[in-house]
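Two complexes are shown next, each including subunit A; its partner changes from subunit B in the first to subunit C in the second.
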Partner chain A sequence: MGRIRYYCSVGSLYIKQSLQSTLEYPANLAGWFISNLMQFGIGFAIIRFVIAEFGALQGWGLAELAFLYGLSVLSHGISVILFVPTWYMGNLIVDGEMDLFLLRPLNVLFQFLFLDFNLIGITDLIPGALIFAYGCISLHFVLTWLNVLYIVLAVVGGALIRGGIWLMLGSISFWVKNRASFIVLTMQLYDKTTMYPLSIYPRFLQIFFTVVIPLGWIALYPASGILDKTLPFYIPVSMPVVSMAVGALLFLIACLMFMRGLKRYESAGT
Partner chain B sequence: MGEKESETTMSVIEVNQIVKEFNVVKREKGLKGSLKALIKPERQTIKAVDGISFCVEKGEIVAYIGPNGAGKSTTVKMMAGILTPTSGEILINGVSPHKNRKKVVADLGVVFGQRTQLNWDLRLGESFELLKRIYQIDEATYRANLKTMNEILAIDELLSTPVRQLSLGQRMRGDLTAAMLHSPSVLFLDEPTIGLDVDAKNAIRKFIKDINQSRKTTIVLTTHDLGDIQELCNRVIIINHGKVIEDGSLNDLIEKIAPFRHLIVDYYADIAPNHPKAKIVDKADTRVTYRFWKKDITAARLIEDLSKTVQIRDVSLEEADIEDIISIAYKGKKAD
Partner chain C sequence: MFASIFFWMAVYGNRDSAMGVTRESMLTYAIMSAFIGSLFTYDVEDRIIQSVRKGSIALDMLKPVGLFGIFLAEDIGGMLVALLQRGLPLLILAGLFIQMPVPASGLHLLLFIPCFVLSYAINWLIAAMFGMWAFTAISLGPMRSVKAHLVTMLSGSLVPLWFFPGWLRGVLEVLPFPYIYQLPLSVYIGRYDWNTLINQMGIQLAWTGCLYGLFMWLKKRAVSRVMVQGG
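And then the complex of A and B:
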């Protein structure tokens, strides 16, 4: 119990100091806000265009797709707030910057994740919330307590899946000691698999993104569950709580992989 | 807190036969080399530390020196729990940094001159606040330590400066303060004076002396600055190629490598009288250089003997040059 209180107290100071240093550069925050507003605005415009040209995709109209896309962008925002250090893990490992964490009497993974609590992710959450709100309103979706809980579970679960995959890919650097960045690739994948129902893809890809890399659970399955959509193939439990479970499990495995990799950490010979 | 050391025989630092091997991919130059490393990487094992042992007692200041690439930083990193030894054992206050990292580092201060441990994005004072929280330093101790550090390193004037704006010397003062906030009993300083000007170096040497005297802090220091060694260290451990080649006091080292002195005598005439206990090693016109062993004869006696036979214009005594001695020790040879 004392340990938990201790980690909370350290964690909250990390967060406070990150916020302070982000707020010291308001122009940077504003720049990201504009760029993200444009990026997700364009994403939404593409969805509108597709629906206008081709009509509903397997029963998903503009409202449903906005709901889906909004949910996805919200989990993206959370993952950007929480997991940014995983993006440059390769550099930290190759340059020996994990030394610093090993010198403190604190869990290394904890220090690593709290290294950069990234307030800039808020600039993703705002357009995400707007798109999501558009979907909800068009669908006359009522925000009952249960629905709010569903949304929270889906968003957090989705963020954990995104972050878990990043943490796993980043941890590979402990073994191969390179700086390879996978961030562009994963962002593309996350985007392409959460904007539309997976059923537009060939069957083997659908299975791949369900079982091997569980991207379907980031947004599509929980959205289907909440909106009571039938999926082209039978997903036993498409409820948001399963997303949360998949996310938690994936993230746990990623943490174990990090701890394993850390044993191989060799600093750098400066 | 409140734990009493029951064992009095235990050394603060015990390093026993440690070895550290690194597996590196051999990289060749150019695109062809990179491609080759990608397709068929040629692995190579480097033995950075090769069976090093030593003990350090409470309150000692030890200079851990050696040429570039000798394995100094690697040893420090193993003692600080950053690297795991390939084999061998390290105990800091009886605890293994590899098996019980958190316990060891809680009572350890570490500074790497090459790299700061402060957060670039924070002000110096904020970094300290974070450390206060991490090490659970109580307010009174924190204040007292900051006050002491301010007296030695004038840290107060830097507290509200963002770390990225600090000069190298200021940053080093910050790093040293950061390492002392939790009152560690052991301090590892890896090149703490690198790149600093004379004043900054002096401030840091004063810091090391004061801390060692007032708190009995055990300090291991690596450096390429012989001034640091002469001013601070009662003991020198020299390593090369990952092995200890000398371990003892600076005086013993001088005694061992260059146990002689030179007496340069300027005569009125172009002659060179011999002495049974000194050897002439150089003669230029009227200036004659004698080499003599301290154990055989004193300088005063030698001068007296020589002046009995021939009239002397001037004499000067030459101590062995510390820089030469270290350089000879690095090569593992004796002076001739």
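And then the complex of A and C:
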């Protein structure tokens, strides 16, 4: 019990420190806000123009696409707040900076994940929430307690899937010892598989993104579940719950992979 | 590339054409957009930012050739490598699995080439001027991603501007962005009749000239104000 309390207090200090260092540069924060607002604003506007010309995309109208897009951006925002250290894991490993974590009497994964609590992710959450709200309003979506719970589960599950995949890819650096950055690639992949229905892709890719790399669970399936869309498969549990379970499982596997990789960690060569 | 092709396939569904563009032309548009996108491998922005940060800009400036001449030469070299490493494989893959991106006619192909050269120039000049900002600002941070989003989304690289509402299209067509992707791609698929085409290429040339003028002016100012850091 005392240990948990201790971890909580250290965690909150870490967060406080990160917040202070972010707020030190308000212009930077404002810049990211403009950048993200533009990226998602224009991105969604473009979908809107295409829908206006062609009509629904695989049975998804504009309002439903806004719901999906918003949900995706929200989980993106959460994952950016929580999991940014995974982006430069390769550098930490190759430069031997993990030494610092190993020397402290705290769980290494805990220290690693709390290294950089990235307030800048909030600038993703705001446009995400706006688009999501637009979707909800135009769908006349009723925010019952159950629906709110579903949305929270979907967003958290989606963020865990995104973060879990980053953590796994980052952990590969323990074995191959290079600083390969995968962030641009995964971001593109996430965008292309979560912001509109997977059913536009050939069947084998749909199966791939459902079973092998579970990107469909980030936003598409939970959104389909909440909006009562037909799915290509049947699971007797509601989708956001499954999404949360997939996220938790994937993240757990990623953590195990991190711990195994850490055993092979041998600091910097020189 | 494949994502945007599947996107267009799904969007077109059973329709053969939209806004006067056939499904096949649209797919060609998407393939060629990925192709020219793979050739736009600019390093000039990064190069300036890095060398200003490290102070090695001083060494670059000592060399008896123009500073930006070096950057441009490096970028053109980079483009040739990208053509072999990414551009051609991309075209081959597209040809094998989707369709061969054939130009509307031989003449269109001939016109596409100068058009592409100009769009390369516009894009490079914008990147170079952007990088020059680093001479005075030191760190650009998120402004780089603002610029990247503007170029990708407003240039028609993903979705051509003819799907945008009229007022927005009117605004965008005055800006240099559509002349980076949309114009060469539209020429390639033969979207414009000859009059419009000549007109548009004229505007593109004018933009290249304007940006070049602005670039020269900024260069003179920026280079005199450069701050050399470190040692």
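In this text, the second predicted complex is superposed on the first by the 262 of 270 C-alpha atoms of A that agree within 3 Å, B and C clash if a C-alpha of one lies under 4 Å from a C-alpha of the other, contacts with A are read in each partner's own complex, and residues count from 1 in each chain.
Keep this in mind: a contact is a pair of C-beta atoms (placed from the backbone, for glycine too) under 8 Å apart; a residue touches a chain by one contact, two chains touch by 3 or more.
No experiment lies behind these values; they were computed from the predicted model shown.
K.L.:
Using the superposition on chain A described above, determine whether A:105 touches subunit B (first), subunit C (second), both, or neither.
P.N.:
first
K.L.:
Touching A:17, do we find subunit B (first), subunit C (second), both, or neither?
P.N.:
first
K.L.:
Quick one: classify A:9 as touching subunit B (first), subunit C (second), both or neither.
P.N.:
In the superposed model, A:9 contacts subunit B only, not subunit C.
K.L.:
Considering only touches as defined above, state whether A:204 meets subunit B (first), subunit C (second), both or neither.
P.N.:
It touches nothing on subunit B or subunit C.
K.L.:
Would you sort A:145 into first (subunit B), second (subunit C), both or neither based on which partner it touches?
P.N.:
In the superposition, A:145 touches no partner, neither subunit B nor subunit C.
K.L.:
Give one of first, second, both or neither to describe whether A:267 is in contact with subunit B, with subunit C, with both, or with none.
P.N.:
In the superposition, A:267 contacts subunit B only.
K.L.:
Along subunit A, where are the residues that touch subunit C in the complex?
P.N.:
Result: residues 28, 31-32, 34-35, 38-39, 42-43, 46, 49-50, 52-54, 57-58, 192, 196, 199-202 of subunit A touch subunit C.
K.L.:
Flag every residue of subunit C that touches subunit A in the complex, lowest number first.
P.N.:
3, 6-7, 9-13, 15, 18-19, 141-143, 145-146, 149-150, 153-154, 158-159, 163-165
K.L.:
Which residues of subunit B touch subunit A once you look at their complex with the stated criterion?
P.N.:
Where subunit B meets subunit A, its residues are 22, 25, 48, 73-74, 77, 80-84, 101-103, 105-106, 108, 110, 112, 114-115, 117, 119, 121-122, 126, 129-130, 133-136.
K.L.:
Give every residue of subunit A touching subunit B within the complex, in rising order.
P.N.:
Against subunit B, the touching part of subunit A is residues 6, 9-10, 13-14, 17, 20-21, 96, 99-100, 102-106, 177, 263, 265-267, 269-270.
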